[in-house]
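The following pair of complexes shares a single chain, subunit A, combined with subunit B in the former and subunit C in the latter.
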Partner chain A sequence: MIRYMGIKLALLLPTLFVVSALIFGLIRQIPGDPAAILLGDNQNAAALAAVNEELGLNDTVAAQYFSWLSKLGSGDFGQSLMTKEAVLPAIGKRFLVTLQVVLPAFLIAVFIALPAGLAAAYYQKTWIDRLIVVVATFSLSVPSFWMALLLIYQFGIDWPILPTGGFVDIASDLREAIRHLILPVTALVFVEIAILTRIMRASAIEVMQQDYIVHARAKGISEMQVVFKHVFPNAFAPSLTVIGLILGSLLSGTAVIETVFGIPGLGRFIVDAIYARDYPVIQGTLLFVVAIYLLVNLLTDLLYPLFDPRVRLS
Partner chain B sequence: MKQALNDIHPPVRLRPQPAYICMLIAVCLLIYTDLTRAAEGKTGGELVIAISSDIRSTNPGVNRDGNTDAVLYHIVESLVAFADDSSVKPLLAERIHISGDGRTYQFTLRKGVYFHNGTELKAEHVVWSWRRLLDPATGFRCLDWYDGQGNTGLRIEEIKATNDYQVEFQLNKASSLFLHRMANLQCLTGIVHPDSVNADGTWKRPVGTGPYSLGKWKRGEGVYLHRFRRYSSRSEARDGLTGNKTPYLDTLFFRITPDPTAAMAALFSGAVDLLFAVPPSARHSLADRAQRRGDIKLYDYLTLDWTTLLIQSDHPLLGKPTMRRAIAHALAHNQIAEFSTLGMAPANASAVQSISPYFNEKHTQWLDYNPQKARQLSLAAGYQGEELVLQTNRKYSYMFDNAIAIQAMLHAAGFNVRLQVLDWASQLSNFLKGEFQLSSFGYSARSHPALLFGTFTGDRGVSLNYQWDDPIARSLVAALENASEEETHKILDQLFTRYREQVPMIGLYNDHNTDVTRRRVKNYQPWAFGRPRLWGVWLDETLAGKPDP
Partner chain C sequence: MKYRAIAGLSKGAQSSLVLLSIVALSALVAHVYLPYDPLALNIEHRLQGPSLEHLFGTDFFGRDMFSRMLVGAGVSLRVSFFSVVFATLLGTLVGACAGYYGGWTDRLFMICVDAVLAMPGILLALVLMLIIGAGEAGVVLALGLAYAPTVARTVRGTVLSIREKEFVEAASVMGMSSRYALLRHIVPNTFGPLTVLCSSLFAQALLSESALSFLGLGIPPPYPSWGGMLADGRQFISQAPWLCLIPGAAISLTLLSINTLGDALRDKLDPRTRRRMQ
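What follows is the complex of A and B.
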């Protein structure tokens, strides 16, 4: 296990190196000049050249890349072109905000979706199954921004019991933080729950058709035991990969939800940086996101044998 | 005769009853109290203003955008500022004396003006502030307006304090637009205290003289400003960014609300008190809400922003004046303005803004809408139905709406036009590199038409963002730099006549804005620069959440 982890962690570095080169090159292919955005409509050729010089954008792309890479080694992700904020601490701050939204949403989604998927599979082709499938399909079809706006109008305006947006840090005021999190978390849960429910249902249906389930029932053990001891662990293992991917994507920021609710998280940070062509922020944040994905996948791999004994880490 | 009338109508004499006197005093007191309240407002409370994105910095004129400026001009003040009519009036200066040769500007400062750290404003602070701005290391975005590197060649040769309350600026040449540049909103020349920077000269936080001081900047969330209790206001009525600027609100919170629909929801719920420059598409539902519920109030006004259609002058076909005139004849200006602003702004093809004192009948004489003539002219120019690409973006809704209307009208006149919707950064980059055929564009507010003409008139060999490279036009624009009022009128008329002949680009209209406040917000007044002014504004908490009677 430790050797496996070591190998996987060692592989992270070359992966990140390749990804960093890709990110660096691709961003510069997008039309749009950070200096022009910085200057707005008060600009001329001389001013643009001066700002490009100031931002270090007059060097060759290769020179810029190696300069950036050399600083990365010492943990310096650079400075935002627009706000002059140090990138790494800014990512850290934004990531903590995203965590406060994503983790509750993810946990709630998992705790609702897994039993729902299991129930749908167990009661397959009954009204319970159809109800769960219809609700899951509906929530999958609803765009998250629309759900967010519906929630805002319902609980922020028509029945004004919750704030329509903004963010309060859990550490500063727990009660207000929870009030501010309810709507964005609900909007996120609504979307994520659908994917997980459908995957869990499909896996569980497949498992329930296996001979060992028939055998277990033939032994006369209770249905509860059949479901929770035999069906659930075997059905959960395939869902774990998807759960990992969902968690990775959520942790890398939920730009739409963060934009609608005005939450200063990682997703909005990336989107704003892309619009502003803020290269250091885009590079640093995307690299961070890739690292998150890789770590979550590693974690998923490590957890897999716990649920599927057939899988051995080697 | 008098006696006769008295005989007919004997004069009635009221006996001074104590009850009457008491009633009279009570009425007088009520009127006085009400007038006092109206005149002085109520102090206290927090006003929340929605802004679409975070501010770039707290360093005025250095790292900025529109939202940054809107926050910072509440904190710092310049020697002069724009008035409501876009003229320039003193702000920190008590009076301004300009020498006969127009090269020396002497500013006498108001006494009793304090910085947020309690220090009294003196001439030495003005000198320090300006020297800092003119130091290339500061990164002042409009340095070339003052260092001789810009297209006007204007340079500040010396700034010196002649006594504690008097500063003198020595220019290399006369410029009638010097004060306009000094008052410019995009390049704030706010006077700050040396405490604003660290020991190594790097920026710390603005210590200005404005009605509000910087509180906390929570990146990604918003900026808090606090009432400056020692603010020394001018005595004149509120006028642009000058006049009476008494702060009433304890706190201003510029809250970042990137999504326009969410911003409206926040306004309806009372989480936000003010939305400014809402897109025309949102105006209808806001007006409906205002009429139905009466808990919000709309403010419509014309701005100095100018929307345009840019035509690539280096293109073999589009560079021909005949082809450009053909395009101009294909566009019904009034309809475009009607469509894009819902009838709120009149068409204006001229760079002289429709609310400018320099605007006159001549500037309304644009090429008539005549699709038939457009076809004939385009054929004469050699146009054979080739596809023309019109660039636009979704960030600025009016540019997109204009592009839709322009495309439809050009189609109707036989032009084959395809829309290319880009993100703003790409379109702006293409504008600078001259990589477009047609571009739906806009210029932000300039206080003086000369500044706007100067923005798009120039040598394309120097910069491709100049749309009009005509030697005569350039010399006329240069002449505006040092023209009297009368000469300015004449030159602007000449420029427009030449502009109409050559059609370097097509002006559409000066934009219209709608600002919206909760009903509890009192004495709010928008102005032509399209950004909120929050001094002189107070909250009437008794009206919070209640509809209009």
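What follows is the complex of A and C.
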């Protein structure tokens, strides 16, 4: 197990290397001179040259890439061109904010979607199934930012009971933090349940047609036991991959939701950096996001045999 | 035959087809007739509610929302369509070569594909937009590049399974070149899974285009796009909620139609679900 994990982790490195080269290459293609942006209005040739020299922008792209890479190895992600903040701690700070929004949303979505998918499969072709499928298709089709705006209108303006923006850290004021989280979390949950419900329904339907389910029923065990001991565990495994993908993409920040609600999370951080052409921040955050995404997927792979004994790690 | 195919669809799929046709039709109508100039400012008439004169009301600059919605329909459909076409062409090329030639070609292509797939699509598209520049062509290129790896994976998987089939072997025994076998025998067999994938990519592209425009990096204002109109309406949500309601509803209904039709398509083309339906 530990050995397998080590190998898998080591295998992430080449992917990360390719991704880092890709990111670095992409960022350098962005038109616009960061030195000019940094200096703002008071720019002249001498100042520009000085800033370029200071930022190392005069070196060749390859030299810049390898100097960035060697610093990355020691945990130095560079510093923001705009705020002079060190990039890695800044990412950490934003990531904590994103976590507080994303984790509740993720958990709620899983706890709604899995039973809903299971119920739809169990009551296949009845009104229950049809209702769940319709709601899931709806939630697949409504953009998260529109859902967010509808919620803001309903609960912030029409019937103003909840704050429509901003963020309060859980550690500072729990009650206010929860009040601020309700709308963004609801918007995220609504959008995220769609895919998971559909996957769970599809795989549960497939499991229910297997001979061992007929056999289990023939044994005379209760329907509850059939569903929870036989259908659910077997149908859960395929959903696990999707759960991992959803969590991975959620953790990379939900730029749109964070923008609508004015939450200073990772997604908003990267969008702001993109506007400001803040190279070190864009590079560092993108790489961090990819690493998180790969790690979450690795974790899902490792959890797989726990839920599906037919899959062995090798 | 065609009529029977449509009649065989479910009620939901039929209404989706009607809805999507309406959107497509309004995009076409926008080229011929518009009640108002979608860019014309009219400060005296700003933030008016829906009326007979302005069906969908007017925005902060007094521009007619109905005309803007019509033009926006074209933008959304065009951008999504061409980004899917671009992604499909590029992805099929990469996937087919990787799957057919195998070895180092395969490994090299797949490393790149996996690297791109590990980046969240919307962030990748954002960075690409900065490089290419805002505008319709920019969004098409950015989304196409972001989606091509998904296509490449699907095509490669199908090619790998078909490459070993007897009819491909027969073709090479008969002395056909590998490129001919690839084009004549292998690529056509990927069309089934590709059609299903494309319908879901089309929905994703439409959603991403509006998200990019919403974030201000898609179709540059003042040119109308549904996502951009939604972003503009955000500031006036308390005085003029229709500015948010109408574009959002349009995006949602269009996506709903595409998703419903995509499901119907998958039920038809995917033998696994077809068996399940029986």
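Here is the rule we use: the second predicted complex is superposed on the first by the 299 of 314 C-alpha atoms of A that agree within 3 Å, B and C clash if a C-alpha of one lies under 4 Å from a C-alpha of the other, contacts with A are read in each partner's own complex, and residues count from 1 in each chain.
Simple rule for what comes next: a contact is a pair of C-beta atoms (placed from the backbone, for glycine too) under 8 Å apart; a residue touches a chain by one contact, two chains touch by 3 or more.
For clarity, every value in this text was computed on a predicted model and none was experimentally measured.
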First, second, both or neither for A:A36, with subunit B first and subunit C second: first
Touched partner set for A:A46, first subunit B, second subunit C, both or neither: first
Partner chain in contact with A:A86 - subunit B first, subunit C second, else both or neither: neither
Partner chain in contact with A:L103 - subunit B first, subunit C second, else both or neither: neither
Touching partner for A:L286 - first (subunit B), second (subunit C), both, neither: second
Subunit B versus subunit C as contact partner of A:D272, first or second or both or neither: first
Partner chain in contact with A:V260 - subunit B first, subunit C second, else both or neither: both
Partner chain in contact with A:P143 - subunit B first, subunit C second, else both or neither: second
First, second, both or neither for A:I157, with subunit B first and subunit C second: both
Touching both subunit B and subunit C, residues of subunit A: 30-31, 145, 149, 152-153, 157, 259-260, 277
Contacting residues of subunit A [partner subunit C, same complex]: 14-15, 18-19, 22-23, 26-27, 29-31, 137-138, 140-143, 145-146, 149-150, 152-153, 157, 202, 205-206, 209, 249, 252-253, 255-256, 259-260, 270-271, 274, 277, 282, 286, 289-290, 293-294
List of subunit B residues in touch with subunit A within their complex: 53-54, 56-57, 63-66, 139, 141-142, 144, 149-151, 186-187, 218-221, 255-259, 261-262, 265-266, 268-271, 395, 422-426, 428-430, 432, 443-444, 455, 462-465
Footprint of subunit B on subunit A - complex, ascending: 30-33, 36-48, 54, 82-85, 90, 93-94, 97, 145, 148-149, 152-153, 156-157, 160, 163-167, 259-262, 264-265, 268-269, 272, 275-277
In the complex, subunit C residues that touch subunit A: 111-112, 114-116, 118-120, 122-123, 126-128, 130-131, 133, 203, 207, 210-211, 214-215, 217, 230, 234, 237-238, 241, 244, 248, 251-253, 255-256, 258-260, 263, 273, 276
